[in-house]
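Presented sequentially are two complexes of chain A, the first with chain B as partner and the second with chain C.
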Partner chain A sequence: MSKTAITAEPGIPMVIVTREFDAPRDLVFRAHTDPDLLVQWLGPRDLTTAVDRYEARNGGTWRYRQTDADGNTYGFHGVFHGDPSPDGIVQTFEFEGAPGHVCLQTVTLADRGGRTLLRTVSASPAASAPPRPSSALGSSTSTSSPCTRSRSAPADGYSPARTTWS
Partner chain B sequence: MSKTAITAEPGIPMVIVTREFDAPRDLVFRAHTDPDLLVQWLGPRDLTTAVDRYEARNGGTWRYRQTDADGNTYGFHGVFHGDPSPDGIVQTFEFEGAPGHVCLQTVTLADRGGRTLLRTVSASPAASAPPRPSSALGSSTSTSSPCTRSRSAPADGYSPARTTWS
Partner chain C sequence: MGTDRLSIVFGALADPTRRALLARLADGEATVAELAAPFSMSQPAISRHLKVLEHAGLVSRTRQATARLSRLEAEPLREVTTWLARYQRFWDESHERLDDLLAALQAGEERRSGPDRNSEGNHDE
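And now, the complex of A and B:
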């Protein structure tokens, strides 16, 4: 397994993650679409993941909760666009502690002679400060990605009716 | 009504559209969420729009078709994240002639003393060429936005089962 590469340029509302796995493409795909496998690897490492729903099909929705050692629970949900395949898993992603800050993710899996190169691209209009001039490149303040699994707000303080898909 | 301003920077996978309307915020909001009003203004001007479904609520889906003078039909669909309000309408947008090239749109409406400033931000991971160095800014080739209502491919040439939400 190779190191994870993360590209997040200041002023560009997109995060690109790549990682090569020593596993065939079909298995890496299953790890992303079978909820029984998903809960075994989905981070952060110190949280426990429980899947409420994972309909990996065109128009299907998903929701999972992550719980920390203090019992705080963080909910996430989204919807798939198109039937997921190793050529593309397209889905939305919303952390229920920051409703409205949605991102859109595309996962593609490329065969590398029996190994698999995973590439995840996340984009969000929530990071919609006006584009910065090129002279501002290098600043570290303009990309607060809503796609990051933040743990700053537990799932208790807002209305489930509005923000979850139950 | 003021002129429309469109911001689409090369290398940044985001399009920002702003326009001020001589109408109160609630009416501009209704024009975006009531399908009977939507079909009266949604462009392009020479196409006829028919709404199949427009569930303007958290988790609700929408689909409409646009038909040109030759009878070619172009389908679009998406899903709402969160209950739409003048503070934010968050939805996905997919042109069925380019399945998988989804974008995410946020519409906000700001009161301007009885007038309304509309701001639409669209972002897409489909425009995921690696970020270009600042020296490449100014090129016009790097932002082919999937959020643009393209008419290059009619809706006939692909499987409805895979790409539409019926």
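And now, the complex of A and C:
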């Protein structure tokens, strides 16, 4: 179907993810705010997501855990700002493995004639780098999450790749 | 790669002249004069760009006789593409799953409300 586009502006700690879905806006919204639906799609297939709290209302808090095949568990939590609506789901996001690095995430859903354009903006004001998936940090496990900050370099020990430029 | 280094590499790549310099260095080592030749830019200006690339670890410089040669270092580029690939994978896979879920939900609602879609908006919670 449609392809996910990711934009990262160099020097600005912000990442924008866009994607169009063949579904009405209300349904895409529900998939983002109903925890029973959320766990069915958020994250790669090899991660299991369990929601502890998901209070999709102004001031409501949320927390979920993602577990990989080796049993490693990663917790995330945050707070909703304003009542979530298809015009905007605004929430803070914090990876519990890097406490204090709080990121602000805004999801907007635009009607495209029965289809829905999803746009997620993740900004991490305290960071000096784009918000990044935790898997880029160190472990080779796929614990990526949309807006987490790193502590260390990947330890994969790879050798320089041949790089082509166009 | 540490967060700051990733920022530095992205910053170094965010300039068309520096990307052109890297493209030239992909063909082999070069002196500042050789690098400056295709540009309408002074050698000191090219040197400043090289310094940014060197700081990001994208270029190393060696002295050979009287010439200073610049050489492409590909490792940071690989780290950047690895980072992007993982981020891309997280969302690609999430969104593929969301595609499937949305299709299943719509199929389910169609079955419940029957072929007459106008009967009533059957959105259950």
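Just so it is clear, the second predicted complex is superposed on the first by the 127 of 166 C-alpha atoms of A that agree within 3 Å, B and C clash if a C-alpha of one lies under 4 Å from a C-alpha of the other, contacts with A are read in each partner's own complex, and residues count from 1 in each chain.
Simple rule for what comes next: a contact is a pair of C-beta atoms (placed from the backbone, for glycine too) under 8 Å apart; a residue touches a chain by one contact, two chains touch by 3 or more.
Keep in mind the model is a prediction, meaning the values are calculated, not measured.
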| item | value |
| --- | --- |
| Partner chain(s) touched by A:117 [first = chain B, second = chain C, both, neither] | neither |
| Touching partner for A:39 - first (chain B), second (chain C), both, neither | neither |
| First, second, both or neither for A:92, with chain B first and chain C second | first |
| Chain B versus chain C as contact partner of A:51, first or second or both or neither | neither |
| First (chain B), second (chain C), both or neither touched by A:105 | first |
| Partner chain(s) touched by A:81 [first = chain B, second = chain C, both, neither] | first |
| Common interface residues of chain A - those touching chain B in one complex and chain C in the other | 11, 127-128, 130, 135, 162-163, 165 |
| For the chain C and chain A complex, residues of the former touching the latter | 1-7, 10-11, 13-14, 19, 22-23, 26, 72-75, 77-79, 82-84, 86-95, 97-103, 105-106, 123, 125 |
| Complex contacts: residues of chain B adjacent to chain A | 7, 9, 11-14, 16, 58-59, 61, 79, 81-83, 88, 90, 92, 94, 99-100, 102-106, 121-128, 130-131, 134-135, 137, 162-163, 165 |
| Residues of chain A defined as touching chain C within the complex | 1, 4, 6, 8, 10-11, 15, 17, 19, 21-23, 26-28, 31, 34, 37, 40-45, 118, 127-130, 132-133, 135-136, 142, 144-146, 149-150, 152-154, 158, 160-165 |
